[in-house]
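Heads up, the next two complexes both have chain A, just with different partners, chain B and then chain C.
Here is the complex of A and B:
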């Protein structure tokens, strides 16, 4: 059985865990290719016009996998208990896919994360419990699943810690540094974020991803910018990242796919609370052509350079 | 005790416009917490512009509406603002925090009471918020008024349903609306006990039954579903239920405060929709899809979904609704409102939808196809 993993959405957060889990079980899996125009167009046709850019991309990836796998990997990621919730769309993908492709009825491999247990879903729970519920679908014993999960979890945590250490090293290093604040599925997406990262690098800027912070620490730090009612885990971590790095960078870039629900509010918090750094707000809506964005990036880097030289 | 009250002047508390529910809030503030209530001015174009100008760009429109209401209430003398947070898991949960920041940044010195800070699991967290409004509140009065307000909520929603269902068939224009307004006024003056509320409710029902109507043998039955605020607030939904009534549609709407807060069971709804949805879709999506499916099974003639632009949970419901639509051959009309819609476009779309379902129904009746279920009042 070949499992298809869309290279979108939570793949950028959990992909290392998923791939290592499937690999250590010896399952075949395929990850969809990098986002391109065809994928975005397909996804836009499948989703409602006013859906967010990231969900259109997600659905495009799902579509590209249909002919290449026996089942799609679509976890149901609801909440992380006291650490907050996910955007409600990550709870809806499962139902959306099964309704959009009703004729084809693709098989979906799912695990359900629900730390607070409020949804009273069968088989839902913390991550390990949730992974165990896949035992039957994968035809494995619970022990095999548990061992594979624990090994993969360790690898993914080590990988994340390594990336955090790298980000810290960049923040402590030389050069003009920019903190990029956005969902990882926007920042690392080949169609939305990576051309922007490349443009900054061409101007000699060092980039730090606000997602790369110690997540426990971020859960405490975000309260310096917001009160505790901020619901979304990822947004909390991003604000934690802003708190962690803001004094060591020269400017902040907000990268958002239109019209992201959480970002519509969280970007406003950053704009109102961080008044000592230049902020560039890049709202991506999937249009072709980077020229306009590049001009804005260039003038932003100019501002940062003048600031750095003590000029006003 | 009395002395202390004289020292501390009463606070002027306000809440945003939200359908007819303001009167419950007013009753609770004046009777339960014994403070003054500042009625927010009716929503106008200015409210909307005020909210729009001070809100983040593409936040959902209820944020802009409620912010506009708060700012106008402050102009009218409010010094304490209450925002809900609720149990939902969408942007609404963060409205309060963000709006507090915006109002403070505008330079207003007000007290902001954010119900999102309280949690249903811990009733004491609500007391902390009540204390912010009135430090010497009386728990007895709060509980007593609370019971009355719950009774009012039930009565209000039931009467509202009756109006939605029947207003399309009244012989004299505005009869139901007039009776509804009178009912709201009487609730506000009601003595503080559920029995008086029930008496008002019964009399109103009786009066409404006496309103002359002309219900056709096979009325068009339309289910209205959608996002929490827009579906319940007439200004946000461009008075769509009244427009539908003009076409003689029988409007059925499950989504209201009493149903979602007091009578909603997620496991039950999930069971109903399990052929379409295997994993809970969250917020109001599951309940809306469930109601749409129930109505489709009953042989309704159409479904109308109302939402604000970019409302994530309602967008998520759309593929599922399309499946239901094709399985049960029931047309669906999707409306997405933002702050700048003019009425005309909405009327045109509603009219086209009406023509379509009317012709469909006529063809159905002519061919003698049995209706799936009899129209029930």
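Here is the complex of A and C:
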């Protein structure tokens, strides 16, 4: 059985865990290719019009996998208890895929993360318990699943800690530094964020991803910018990243795929609370031309470098 | 032979050009409508600038371009500097008003705010996805009311009671406008209401969260509309400076940047009389299908851009 993993959405947060879990079990799996225009166009045609750019991209990746796998890996990542909730989209992908492909009815491999336990998912609970629920679908013993999960979890946590350490090193290092605040599925997407990152790097800027913070610390720090009611886990971590890095960077870039509910609130919080750094707001909506974005990136870079030189 | 520097600003609506000497003194300046054809606009611009310029005394040794067609015109004019309009405007404006702290700019399809402290840009913002509240909006509404856009501001100034109009979105504003006309609001009040709506839209969107401190300089085509200027004064409670050369600030900044670059390249006013051809073709080499733009001079490709990856790199 070949498992298909869409290179979109929570893949950028959990991909290392997922891939190592399946690899450790010796399962065949395939990750969809990098986002391109064809994937975006296909996803836009399939998804409801008012969906966000990232969920259109997600569905494009799902579509690109249908002929290449026996089942799609679509976890149900609902909430993380006291650490907050996920965007509603990530609770909807099962239903959307089932609805969009009614005839074809692709098989889904899934696990559910729901600390509230109020949903009617049978295997709600913490992550390890949630992974155990895949034993039957994968035809494995509970012990095999537990061992594979624990090994994969360790690798993914080490990988994340290494990336956080790299971000800290950049923040402590030389150069003109920019904190980029956005969902990782926007920042690292080949069609949305990566051309922007490349453009900044071509201007010699050093980039720090606000997602790369100690997540426990971020859960405490976000309250310095917002009251405790902010519901979304990732948004809290991004604010925690702003708290962590703001004094060590020269400017902040807010990167959002249109339209994003959580970002519309979080970007506003950052714009109001951070008044000592230039902030660039980049809204991506699958535009073909990069001209408008290039103008904004170039002028923002000018601000940061001229500011540093005190040049007119 | 003394040196001179040319700055060209090609926007969606208008094309501007300035020639300066080494002391940043303006030797020639020109403004005309782009009319959807930047190549032709620049051709006319250069002819007019040449007439104001003493070629026996000075030579243009470097060109700077800015505005939305900066890359294209930069390739055609063999520019030493191709710079975004925010930086160009800021540099141009600080050289006219060294103490400026806020620049409002409303053009044909863009609106921007630039914040400066001590002559250095510290922050800016631009309109995001839509063009509500820009020059295009005022032109459309003027056409709907059958008023020449040049007279719009003067008519608005005669109003004592601006009609409230929703200007968050052009489409909503139009239906609101139709309604106000039907209930008998005067043209004067509607014009003044539209000017106020443009200003509120700008202050609540583009300028939101920015510290607006005087001196405030207002630029872009819409700054020629006296009704909008007055609405800005009423809403901010500050004096709004509109420079008679304000529309040339971007071109002026581009010329200064060309001078500062220290790079000299041969320039001929007749350059645009050569045979230029611009093509935009879908690449088709991968799923991204980028639109690759190529510029040809006398059949020879001089520049290309638009490709996201190397597969789309045009062969010279």
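Quick note on the criterion: the second predicted complex is superposed on the first by the 308 of 312 C-alpha atoms of A that agree within 3 Å, B and C clash if a C-alpha of one lies under 4 Å from a C-alpha of the other, contacts with A are read in each partner's own complex, and residues count from 1 in each chain.
What we mean here is this: a residue touches a chain if its C-beta (ideal position, glycine included) is under 8 Å from a C-beta of that chain, and two chains touch if they have at least 3 such contacts.
All values derive from a computational prediction rather than experimental measurement.
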item: Chain A as common anchor, with chain B and chain C clashing or fitting; value: fit
item: Chain B versus chain C as contact partner of A:298, first or second or both or neither; value: second
item: Residues of chain A touched, compared between chain B and chain C (which is higher); value: B
item: Touched partner set for A:98, first chain B, second chain C, both or neither; value: first
item: Which of chain B and chain C A:37 touches, first, second, both or neither; value: second
item: Which superposed partner A:272 touches (first chain B, second chain C, both, neither); value: both
item: Minimal inter-chain CA distance - chain C and chain B, angstrom; value: 5
item: Contact residues common to both interfaces of chain A (with chain B and with chain C); value: 258, 272, 283
item: Chain A - residues contacting chain C, complex; value: 36-39, 191, 195, 258, 271-272, 275, 278-279, 281, 283, 285, 288-291, 294-296, 298-300, 302-303, 306-307, 310-312
item: Contact set on chain B toward chain A in their complex; value: 56-60, 85, 89-91, 93-94, 96-98, 101, 105, 114, 116-117, 266-267, 276-283, 285, 309-310, 312-313, 315-320, 322-323, 336
item: Chain A contact footprint on chain C (complex, rising order); value: 68, 83-87, 91, 94-95, 118-126, 128-129, 208-209, 211, 286-291, 306, 308
item: Residues of chain A touching chain B in the complex; value: 47-48, 50-52, 76, 78-79, 85, 87-89, 91-92, 94-96, 98-100, 102, 110, 112, 119-121, 226-231, 258-259, 261-262, 264-265, 267-269, 272, 283
